[in-house]
Amino acid sequence: MALPLSGQIVNLLAALLLLLAFAMLAQRRVLTLIKLFAWQGAALAVSTAIVAYATGQTHLYFSAGLTVALKVVLIPWLLHRLIDQLQVRWDIETLLNIPTTMLAGIGLAIFAFSLATPISQMASTITRSTLGIALASVLLSFLMMIVRRKAVPQVIGFLSMENGLFFAATSATYGMPLVVELGVALDVLVGTFIFGIFFFHIREQFDSLDIRHMEKLKED
Amino acid sequence: MEPLSSPLFASLLAAVSWLVIAALALVPAGNAFFARRLAFPLGALIGLSLASFGLQSIWLHAEQLTLPLGLPDLPFHLRIDPLAGFFLLLLGSVSAGISVYAGGYFRTETAGRLALISLQYHMFLASMAFVILADDAYLFMVAWETMALSSYFLVTTDHERPAIRSAGFLYLLVAHLGAIAILLCFGVMHGGGDYSFDALRGAELTPFWATVAFLLAFFGFGAKAGMIPLHAWLPEAHPAAPSPVSALMSGIMLKTAIYGMVRVIYDLIGGVRWEWGIVVLAIGAGTTLFGVLYALMQHDLKRLLAYHSVENIGIILLGLGMSMVFLGFGHPLAGALGLVAALYHTLNHAVFKALLFLGAGSILHATGLRNLNDMGGLIRTMPKTALYFLIGALAISALPPLNGFVSEWLTFQTALQAPLLEHGVVRSLLPLFAATLALAGALTAMCFVKVYGIAFLGRPREVRHPAHARAEGGGHDAGSMEQYGMAWLAAGCLVLGLFPTSFLLMLNRVGVSLTGQGLSPEALESSWLWLVPTAPERASYSPIIFLLVVLAVVLITIRLVRGFYHGRVRVADPWDCGFPEQTTRMQDTADAFGQPIRHVFGPLYLMKRHLPGPEEANPRYSIKIEDRHWYWLYLPVARLADYASSKVGLLQRGRISIYLLYSFLTLIALLIFVR
Amino acid sequence: MNQLPGIALQVLQSVLVVLVAPLVMGWVNICRAWLQNRSAPSIWLPYYTLAKLFHKDAVIANTASPLFRLTPYILFGCMWLAAGIVPVLATDVPFAPAADIIALVGVFAVARVFSALAAMDTGTSFGGLGARREMMIGFLAEPAMLMTLFTAAFISGSTQLPTIVETLAHREFAIYPSLAFAAVAFLMVLLAENARIPVDNPATHLELTMIHEAMILEYSARHLALIEWAVAIKLVAYMAIGFALFLPWGIAPAGDWSALPLALAALGAKLALAGTGLALLETLLAKMRIFLVAEFLSTAFLLGVLGMLIHFLVR
Amino acid sequence: MEIALVLGMPLAGGLVLALFGHQRWAPEASAFMSFGTLAAAALLTARVIADGPMTALNEQVFVDPFNVFLVALTAFVAFTTALFSRPYMRTEEHHKRVNSARLRLYHSMYQLFTFMMLLTLLSNNVGMLWVAMEGATLSTVLLVSLYRTPASLEAAWKYFILCSVGIAQALFGTILLYFAAEKVLGPGGNALLWTHLHEVRGQLEPTVLSLAFVFLLVGYGTKVGLVPLHNWLPDAHAEGPTPISAVLSGLLLNVALYAVVRSKVLVDGALERNFSGGLMMGFGLLSVVVAAFFLSRQKDIKRMFAYSSVEHMGIMTFAFGMGGPVAAFAGLLHMTVHSLTKSAIFFAVGHASQACGTQDMASIRGLIQQSPTIGWGLALGTLAILGMPPFGVFTSEFMVLTTAMREHPWATPFLLVALGVAFAAIFGKVQPMVFGETTAQRQTHPPALVPVFVHLAIVLMLGLYIPPYLVDWYRQAAAFIG
């Protein structure tokens, strides 16, 4: 059975999302990372909107709008401002070199696909095949958080994980109920603010946003 | 069931009264008037009544009672039967003496301390009563651990001293580990019903699980009883506590462990196997010898007494072990005899050890001394205490006609039943264990000659001690309350030693209730004058006749000597061997007295000696004996735990990436697992 | 049951032992002197000595407590009691059920403890030294003694000396290897317990070696007399135990008055023999160093245990 | 009505204190609001006892025997903690560790945190449960870094990152749950409502649910502090203000475990084999053992008790994992007694470390001499948490251990070794702090020790006697958990 056009577009966007996730994993510059994050948000929003259009789920429009507002506009803007104020434009250091990370990422993606396949068979949504991609991007963001050494990329990794989750929600089920989506969005927003506050505090205390300074609390 | 005529209900009431006294101690009125003047005498009265209830119940059928407390499915079950009754008798009667003594001993404490001591002291007593009365695993564990906890706080009464703190820590730790083993034992015995003892009794166990349960119970209770190699806490904790508390702990609390052993092994697990008996015998023999040999090396009086508690627990275990061997081979008569011997020694040890600890307390109060090397000549300043202590010392040395002898005699008689056994090796093992007992008895006598000779006889050994000024000049004997307490226990030594037959009948009831069979009819039908373990032509002992004859002979001799010869006596300095500069320091010290033992049993000890050089202006010899168990058991375990925790500590190195990686890997692993 | 004859016999027997004991001492001394080529003292010398001591004024150290003065009487009483338990002449000893062999060992232990306490009472260095050595010998000898007695008890199935004697004396003749071991062990214990060479020398006052004498240094006059007498009784009592266990022939069975004269004669012979043997041993052996005693007595203990094991194995 | 009140009181408190939290009377106001919450919770409890379970606010919130008891517990401990933070925070202000602006943040966030926990408990919507749980993290993260010291920032950062990431997994689990439920209940809000889910749990797709449970367990398990997801926990406990440590240990962990147990109920309904129980037992056991070995190396008193919380959460997880009426009963009881005891300990620890001016255990000595009540409070609390009878912790441990011995004998040696090691480690450290020569100084504000002893008295009572209505209540909840 051939997919309808909307389904094909969503699949395309899903592939884009995954590609962006890989790009973020490989990216060394903070500013580009933020841009990539914004693009990811945009892809998410577009795919949500297309699903909304194709299925007539009006609350998904709302969700798409929320994504645009938060993840394409507000949060990247906030991050930009923070970076300007904190003057942290250096290149990103990673714990693992990029090629190894990429290899691990590919392994993760395959794992996620194999995990999601049996489940997506059960889904009735047009977007069901993208569940694996959503899971893969969640795991890739997780990996990105693990390998980054600076606070800002770690936060971006977290936010991109949130993107993956949203994408999973739309692809598997046409989105969560609205009240939940709103709640989640609120949490993300508040979380971002708190991250921002933290950046300042950390910077104030350690003169840097390098999380290597924050390895004092441990067992010895 | 008439509540008022029921010994169970009455005992419960007595235990609760102890709790009430404990609570009342917190009333701060009038400089802790209640705790100072009333609490301890009242506690002693309750102890006496509890003893009478226990005595009553030995002759009655078992009774049960359920309280609406505890777990939802397992309310508190209480039960009194001859075994519990016997231990209540022990608890009540011995604690009565100790409480009277404590009333005098603690009188000079400050109000705050006194209130706390009285609270914990009576809580301790009540929890021991509940241990004995408990008839389900939960109440038993609650009472058991409350007992440990209250005694821990009593041990750390003088917590300003670091040694006492570490003693308390070790004590509670071992107690807790023992409790865990006991809990596990209840779990093993559990056969599908609930955790009331009735259900545990009814559970059918395979031999393997029964043996597991036995080992858990044996080591769990053994940790509390102070058998090797779990004894290390005992010589630390007992001396650390105030003396009446030491007396309670050594005299009574250790016996609750014996109670638990008998209750669980004979009653709950049932079907005793002879292999268990061999285990008990082997550990018992080791404990006996170890205890007395280390006791001989001590110069701290209370520590020495504590090591003797280890030894006596070993003797009790020897009796129990023999009983188990005989029962396991199907000789109930001899089995009952062993049990009776063990329980008799339990009671005897409670009485004389409490007496000795109280005596040590009086010495400490009067002179501030614990180190035997500093003592001497106390018989002159504290003659009453000296008399009571002498009775205790003779009793613990197992000398006829006092009580220690009776129970050791019974244990020997049990060993002499060995020809009954079919198993050749076991048959020849039993007399060997009897030989250990003989050796231990003689060593104990040596040790108490040392204690008594050095503390009470001779002359004060060291004048450097400021307390000695008091002891020499205005030293005082124990106060009247203290004397009453000691007199009560000393009387106990005599009564238990002189009238063993009535106690034998009593213990026979306990044996019957546990094993279904008691001593031989000939033993039971003999008159009160004669103690007969099996049959009169095989063995008998009559302490009264014995005492009367000795007294008669001694009196006749005195009479004759006085009658025929003049009584002129001249008092002079002791002979100086032609060396006029004799000082009191030239007397044997406690360390010197142990020298032959160190020589004979040298390899057993870990000695650190300081020998004074010829040039030293103020030469002093000192020796420190350490327990080898520390080095081969306790420290390795501690190091192992330390090592494990240092490895576990590597998990947490402070790096957030690693932590995220943990989460990540956990997730991935679980996902793989799900597929 | 009319126990009067029994009690009369009992009293007779113990009085006899008490009275004869110094004589045995004298006999041993004579034998020793003969064996050592010395001119022998009178056999009555111990009696003279006792009488002399009883007449003297007692000197008591000013550091002594009442225990010090009481102890000689306790010692004497204990030994007298021991002499009463052991069937010396006849097995008809009504007092015996009151104290069996374990209690007998207990009686000796009481005596030992009190003499050690009295030694420490005056607070001199010799007293403590003696007490400590005496207690060391005690703790080594006592188990060995018990093991010996247990062997006999296992053979006869009883711990009462009269029963043991009756069993051993009136059984069919059989060689008990276990008893042989026990006998050697018992002999060693006897030497140690009675302060004889090679363990102790009753005639020495050398501080390096003395044990028993060190304990009684402070005693004088009637107290010393009682102690010396008690020592003599102890020796006889031990010999009597030895006879009862290993040479039970001749001891009159219960109720058989006619056997008494024979028993008396047998006792005399056995005592004379034992005294000679003891003197011989003391002449042949040299005094051991104090810490060799430990080995000596552990050998005794080992022999006792071996005897018992052999009894179980060859049964 | 009562539900609205329970949720409204702390929310209102949070808003009011956000405006006036810097005033002198703010601590009293906070305590007052908490008391209001407690009163409302009591009313709610009474109502549930009388009328049985109910839902409200368009089925978005609900009460059943399981959560109402946790609501009551949460409200109670929140109230006593508010009482405790009154002198505690004043002393901190006196020592110039916080200024009035931060106090305002503190009081306001404290109320909001209470609100979020209560919302988590009461929410009928599994999605909202997630939202509230994340809200609870967000409201405490700034409290952990309240002192703005490097260490506290680091702790807060770790807390934030690890918990957020963890809980993101839980969101994925929730999505999968919704995915499964949607097929049965149809799309829309109802598919996430617990009451509906519970009715149809037998029809939910097993493969999806097992996958969902993995994500939920890892997600909420991070907040429970299960090893190896626990790493935020000791840091956050040690560096935050002590009242926050008390509620984190005493309440937040319970709430997170509540979420795990709720998920387990659904999964058990859908799956034949005891899949969730096995996982929980494994995590529980691992947490108990690893935490026990961590304990002995601690130097910081709050950090040590944080590890003790890990250990106890492990015991509870193990108990719920075993399942069955007795084990679940024990788990619930353990939740109660642990949160009461642990918060009592933290109260005592807070005063102790203020009195000695340090959290370093080597420098805290002889508390009993300076302040017998603090000393005894700490000593008894410690003994209680170590499972010494007659305190209630022993009761639940007894039930857990005996059940484990019957059903999973292989697990008991691990549990017992861990309990023994934990005992040695904690007790060995607490004893010298309580006894001996003192290093403590007089405090400027009289310590609030009523909460300590009230908590311990309740725990003591639960060790000897569990009131019948509480038993019924636990039983209902246990039957429901299964």
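Labels for the chains are A, B, C and D, by order of writing; each one numbers its residues from 1.
In this text, a contact is a pair of C-beta atoms (placed from the backbone, for glycine too) under 8 Å apart; a residue touches a chain by one contact, two chains touch by 3 or more.
The shown structure was predicted, so the numbers you read here are calculated from the model rather than taken from an experiment.
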item: Chains contacting each of subunit B and subunit D, listed by label; value: A
item: Chain closest to the assembly centre - both centres taken as Cα means; value: B
item: Chain whose Cα centroid lies at the greatest distance from that of subunit D; value: C
item: Contact-richer chain pair [A-D vs B-C]; value: B-C
item: Rounded Å distance between subunit A and subunit D, as computed from the means of their C-alpha atoms; value: 31
item: Averaged-CA centre spacing for the pair subunit C and subunit A, given as whole angstrom; value: 101
item: Cα-centroid distance, subunit B relative to subunit C, in whole angstrom; value: 35
item: Between subunit C and subunit D, centroid-to-centroid distance (C-alpha), Å; value: 78
item: For subunit D, residues contacting two or more additional chains; value: 157-158, 161, 165, 211, 234, 294, 297
item: Overlap residues in subunit B, where contacts from two or more other chains coincide; value: 649, 651-652, 656, 660, 663, 667, 671
item: Subunit C residues counted as touching two or more neighbouring chains; value: none
item: Pairwise chain contacts, counting only pairs that touch as defined; value: A-B, A-D, B-C, B-D
item: Residues on subunit D engaged by subunit A in the complex (per definition of touch); value: 60, 125, 127-128, 130-132, 134-135, 138, 141-142, 145, 148-151, 153-158, 160-161, 164-165, 168, 171-172, 174-176, 178-179, 182-183, 187-189, 191-192, 205, 207-208, 211, 234-235, 238-239, 294, 297
item: For the subunit B and subunit D complex, residues of the former touching the latter; value: 68-73, 112, 137-138, 141-146, 148-149, 156, 159-160, 162, 165, 168-169, 172-173, 176-177, 180, 183-184, 186-188, 190, 195, 641-642, 644-646, 648-649, 651-652, 656, 659-660, 662-663, 666-667, 670-671, 673-674
item: Complex interface listing, subunit D residues touching subunit B; value: 157-158, 161-162, 165-166, 169, 210-211, 214-215, 217-218, 222, 228-229, 231-232, 234, 279, 290, 293-297, 326, 329, 368, 372, 383, 386, 388-390, 394-395, 398-399, 401-402, 405-406, 412, 416, 419-421, 423-425, 427-428, 431-432, 435-437, 463-466, 471, 474-475
item: Subunit B partner contacts - residues on subunit C that touch it in the complex; value: 54-55, 57-65, 67, 73-74, 76-78, 80-81, 84, 95, 97-100, 102-103, 106-107, 109-110, 112-113, 116-117, 119-129, 131-133, 135-136, 138-143, 146-147, 150, 153-154, 157-160, 163, 207, 217-218, 222, 226, 291, 294, 301, 304-305, 308-309, 312-313, 315
item: Interface residues, subunit A side, partner subunit B - complex; value: 95, 111, 114-115, 139, 142-143, 145-149, 154, 211, 214-220
